[in-house]
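Note that the chains are named A, B, C and D in the order they appear, and that numbering of residues resets to 1 at the start of each chain.
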Amino acid sequence: MIKVGIVGATGYAGQQLYYILNNHKNVEVKYISAHSSVGVCISELYGNYSNIIQQKCIGMEGAIEKLDEIDVVFLALPHGTAFDLVEKAYKKGVKVIDLGADYRIDDAKSYETWYNVEHKNPELIEEAVYGLCEINRDKIKDSSIIANPGCYTTASILAMYPLIKHGIVDEKKVIIDAASGTSGAGRSGKIDNLFCEVNENYKAYGVTNHRHTPEIEQELTKACGSEVLISFTPHLVPMNRGILATCYGFLKKDVTHEEIKAIYEEEYGNERFIRLLDTFPQTRWVRGTNLCDISFKIDERTGRIVVISAIDNLVKGAAGQAVQNMNIIFGLDEAEGIDNLAMAP
Amino acid sequence: MIKVGIVGATGYAGQQLYYILNNHKNVEVKYISAHSSVGVCISELYGNYSNIIQQKCIGMEGAIEKLDEIDVVFLALPHGTAFDLVEKAYKKGVKVIDLGADYRIDDAKSYETWYNVEHKNPELIEEAVYGLCEINRDKIKDSSIIANPGCYTTASILAMYPLIKHGIVDEKKVIIDAASGTSGAGRSGKIDNLFCEVNENYKAYGVTNHRHTPEIEQELTKACGSEVLISFTPHLVPMNRGILATCYGFLKKDVTHEEIKAIYEEEYGNERFIRLLDTFPQTRWVRGTNLCDISFKIDERTGRIVVISAIDNLVKGAAGQAVQNMNIIFGLDEAEGIDNLAMAP
Amino acid sequence: MIKVGIVGATGYAGQQLYYILNNHKNVEVKYISAHSSVGVCISELYGNYSNIIQQKCIGMEGAIEKLDEIDVVFLALPHGTAFDLVEKAYKKGVKVIDLGADYRIDDAKSYETWYNVEHKNPELIEEAVYGLCEINRDKIKDSSIIANPGCYTTASILAMYPLIKHGIVDEKKVIIDAASGTSGAGRSGKIDNLFCEVNENYKAYGVTNHRHTPEIEQELTKACGSEVLISFTPHLVPMNRGILATCYGFLKKDVTHEEIKAIYEEEYGNERFIRLLDTFPQTRWVRGTNLCDISFKIDERTGRIVVISAIDNLVKGAAGQAVQNMNIIFGLDEAEGIDNLAMAP
Amino acid sequence: MIKVGIVGATGYAGQQLYYILNNHKNVEVKYISAHSSVGVCISELYGNYSNIIQQKCIGMEGAIEKLDEIDVVFLALPHGTAFDLVEKAYKKGVKVIDLGADYRIDDAKSYETWYNVEHKNPELIEEAVYGLCEINRDKIKDSSIIANPGCYTTASILAMYPLIKHGIVDEKKVIIDAASGTSGAGRSGKIDNLFCEVNENYKAYGVTNHRHTPEIEQELTKACGSEVLISFTPHLVPMNRGILATCYGFLKKDVTHEEIKAIYEEEYGNERFIRLLDTFPQTRWVRGTNLCDISFKIDERTGRIVVISAIDNLVKGAAGQAVQNMNIIFGLDEAEGIDNLAMAP
């Protein structure tokens, strides 16, 4: 059994992680930590566990103390709050899978600019592997620190990676228009996230300056070797879960549907969590799953291509991919614990 | 492997059944039938199965022809449409689990009055067992035909059964006020069920004459031996899934919280799918599960008791309970295939 | 022009009031107050006013200072927070219309028990008139302080008042099962009211002890002269607005539909804001309006009657009724400013 | 009083029109027509009118017969179903305001290609004026036939018109990513529009081939004199009303925020229904109104600009703009009957 700790277990991503890990046959959750709920039983916060699971939350201090008891620690925290823990875990040889942003940006300065916080151990960024499993699988196997990708990032990169890598679209003119369910905004008591503020509304936010922008550009730039420039606009949808990314590329040359199809098949044909569809993705068909549905359409009239991807922001966009990373690191079946399909409606 | 057929597989209850049975380790789904989608692949209707499950629908005729290939047939059809199939299955020794209403009412005349249709094989009603597992488990084991309870019925009976059976409340003055998610209205193209008609709305329907009324009264009457009279009012909630039943009883005598608690524990203390809670049930905590959450509160001021139960209308209220019945009949672990908890949010 | 001040203008009820009063041709809103947004322009909080209305919030102190400039002050505050203001307004002869609970309960002790706060000026309770317009219109005309009824209260009393007053149902056995949209929970940053916590969920709360209970009993008791006992259970619906009250009465004697219809016509036949329907009310048809839709059904089988009423919790259940009260007090057309119908969908 | 007829009065756009016109002080609605509800009272379909408005629907034949009794006929019908009526109205001098698509596309052949139906009176296309009020106001005054713009079209053109007209962005590289509430899908009983299919889902549709594409390109092309090429992708949001268009342009040269602001002010500074905002538009702030909220942000990093607009698809995107057109034609205050703000929440 792999022994794990979850730090930040009571937010939406953290509890999704707890949910998955509790059903993972090779895992034992040794502790869960949540600074605002120390001593509170998880079932008091999440009634789905009532009468069945009674694990209590500990604090950050306890989480650090108990590093010796675990093989891997998952972090589902706001950025900039776990530098110390990561360093201690790393030194003890405890694998770190960080669902936050602290180790995603290769350049510490850029991180500090976008996230407006000082990076306390920039030397560990080099140790970290960007945990987008389908693209970095080999590096992940031997990693000590996983920078688990952001939700929008996962949907966006997976959609555009084949086109960028194969030089199909102008990498200087990519546009990604995406929308997310409200769980992406987290589980804190902000007026903006109240039911009455979100329901019957649709809005953009973070226009031109959302923090997932540099992450997407960084990874797509690696794919093609030339600086990629994207416009990224996230929107908030009155639903709990799901991300849809609608991506636009300007074709560098004439290509056929079959040629593009072949490229996606080449990159993703063997991937268990990517479904290349002939219809357009809908968030409901991947809800609660680790799947990423992708399809595309060439617009010959305008010389462009539209690629659409759908994921569950809490699963493939957070906790599910974190477990997928763990499975890779520990040599398990990559789909262990995350092999379910969506339940409808 | 138990070989099963599903007739009416593309409605919301039918596809929930298909979803569960596809994940049931002791089951092979030999065929699915849907009169309006003959030849259509289930993944064209439910994109959650895309690229993964390719089973095609057959018609009612085919479903009858293939009875020889299966051990049990599940029916998820409108009432009055499967008399012929049930008769043929019964004669061939194929177990029948009917999610519809045709065999729930003991008295054929009463059925015909409430459902406004002629019963074609009333002699089979006697053969049928009312499949409320927690109450009729022993009879279910040896049954050939299971009349799987209605969704409101399951929530209502489970809530009030202990109080009625133990003579705690006046059986002539029961009131059950319940509310359901919209999947309970089925998957047909009615204007009343359009998003814009249901969203941002709350309404009662079937006031004093909903068809689940005689079913609830019949089973509660059996529990206490005296005719039970209920007022039952269902409501429609703008959400996909879930039923909450708020039940009111007039106490026949002074009782304490502990006494009532003991009665519920006596009846349900060993039930895996009933959770007796100290907080009030919410539909989200049982969503997607076969659980029934129950709690109660005595109102000393008025001499009454309020009991609240929550289920997922498509699972414990339909497909999940059908599978629970199958598990009982075939001697499997009763929770096989339906042992999951709710995913939040 | 009637000069008004609104204290607590940025909560959901307060802003509804502001919306209505801004469109009221006989009213000038002299000031709005909100302790957490002093100096903030209302359009920064409510973007519907952007570029059009620029009024800034003042604080409680300012609201008291400026009492001399207004004819009537509306309070949309939590209970127990405006005793001082009310007293000062009363002494200055400024009419008070209080959307909160402080002057609704005739007995100060009972108030203190249910609301868990000391009443600072119980002598003013006697001065206050319970502002349920259809029932207390005459008293309202000459009142100085209006205790504007609660939202659930309005729907519940209007539904049952004719039956109770005319001795049709057993006043000791009334049951009221009601449900509300989420704006009823207010506009504060509580986790329980986040979109992801409310959406796809339905729950009861305040079971047997909701604070609207004594208010309903008090007013219905006045109607029949004998103590009325109700069970009242509110529920939370994933929608923004609306209350539906499903009320159950045990008939004292045989009555016909026509007899009951006549009683409702007698009580409400001339009321502009009550619509007696032949179909069952739905919250959407009164959304954004000051209407109360009511219909009933006798259940001869069980000797009971079900009455269902629907209102908009923020309008007839709060701000609209407050304006209706103001219109009565100032001798205006009772429907001035609140004469719109619902917009669908 | 202007005497009007509404043909197609029971769909979502038609009833919105009816709602507005019933409150318009210069209008008398002489008849409403709806082929599937002949003889049915509007309040049976829309309970908001219960007990208050009793107008009955007539059929298409009656609508044509009664042309002599009206000054203007509004059409809220599917495309291709009212050629005959339009011709007869035109000949009789009855003004036509068509909310459908039949007279929007200048080139009949193009219409026939995109809409897959034969145009029966292409000679009338020339008579028709494209009724985007803010841009074509002068022509509208003297028109006989108004081709009222589509919902997505209105939001898209208003957002991009100033930039295209002033040559700020590359007209060959425009991308418009938009999302709509579900009322845009109409009020017919399609499974795709059921609550359970739309709720908790987000999807794109009509990718690269939505019928509003040629309409947007046509009008923007007129604005700059050079062919405009857009990629347009609509999405479906689980809400009733609202459209948000997120538009991307590649800047032809360096411009400052102030320069762009000045251009928008120049074009729209005096428009009563356009609000130029400093924050980003949200659909809720224009819900139920004829307003179009617009704001923009220059992305210097990528040399692009993002413009976001929000409207209510049924009001400014359909019925409200139709009334605005009528007001212009008949020389009324342009905001008569459509001068309300959004009600929140």
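The rule is short, and it goes like this: a contact is a pair of C-beta atoms (placed from the backbone, for glycine too) under 8 Å apart; a residue touches a chain by one contact, two chains touch by 3 or more.
The UniProt protein names, listed by chain, are A, B, C, D = N-acetyl-gamma-glutamyl-phosphate reductase.
Remember, predicted model here, so these are calculated numbers, not experimental data.
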Far-end chain from chain C, centres as C-alpha averages: A
Contact-richer chain pair (by C-beta pairs counted) among B-C and A-B: B-C
Between chain B and chain D, what's the gap in Å when you average each chain's C-alpha atoms? 46
How many angstrom lie between the centres of chain B and chain C, each centre taken as the mean Cα position? 39
Rounded Å distance, chain A centre to chain B centre (Cα mean): 37
Which positions in chain A are in touch with at least two other chains? 12, 183, 196-197, 199-200, 238-241, 282, 284, 345
Chain A - residues contacting chain D, complex: 173, 175, 177, 179, 181, 196-197, 199-205, 207-208, 229-231, 233, 235, 237-242, 244, 246, 248, 250, 280-284, 287, 297-299, 301-302, 304, 306, 308, 345
Can you name the residues of chain A that touch chain B in the complex? 12, 15-16, 19, 23, 46-52, 183, 200, 240-241, 275-277, 279, 282, 284-286, 288-289, 293, 340-345
Residue numbers on chain C that touch chain A, as the complex places them: 12, 182-183, 187-191, 193-200, 238-240
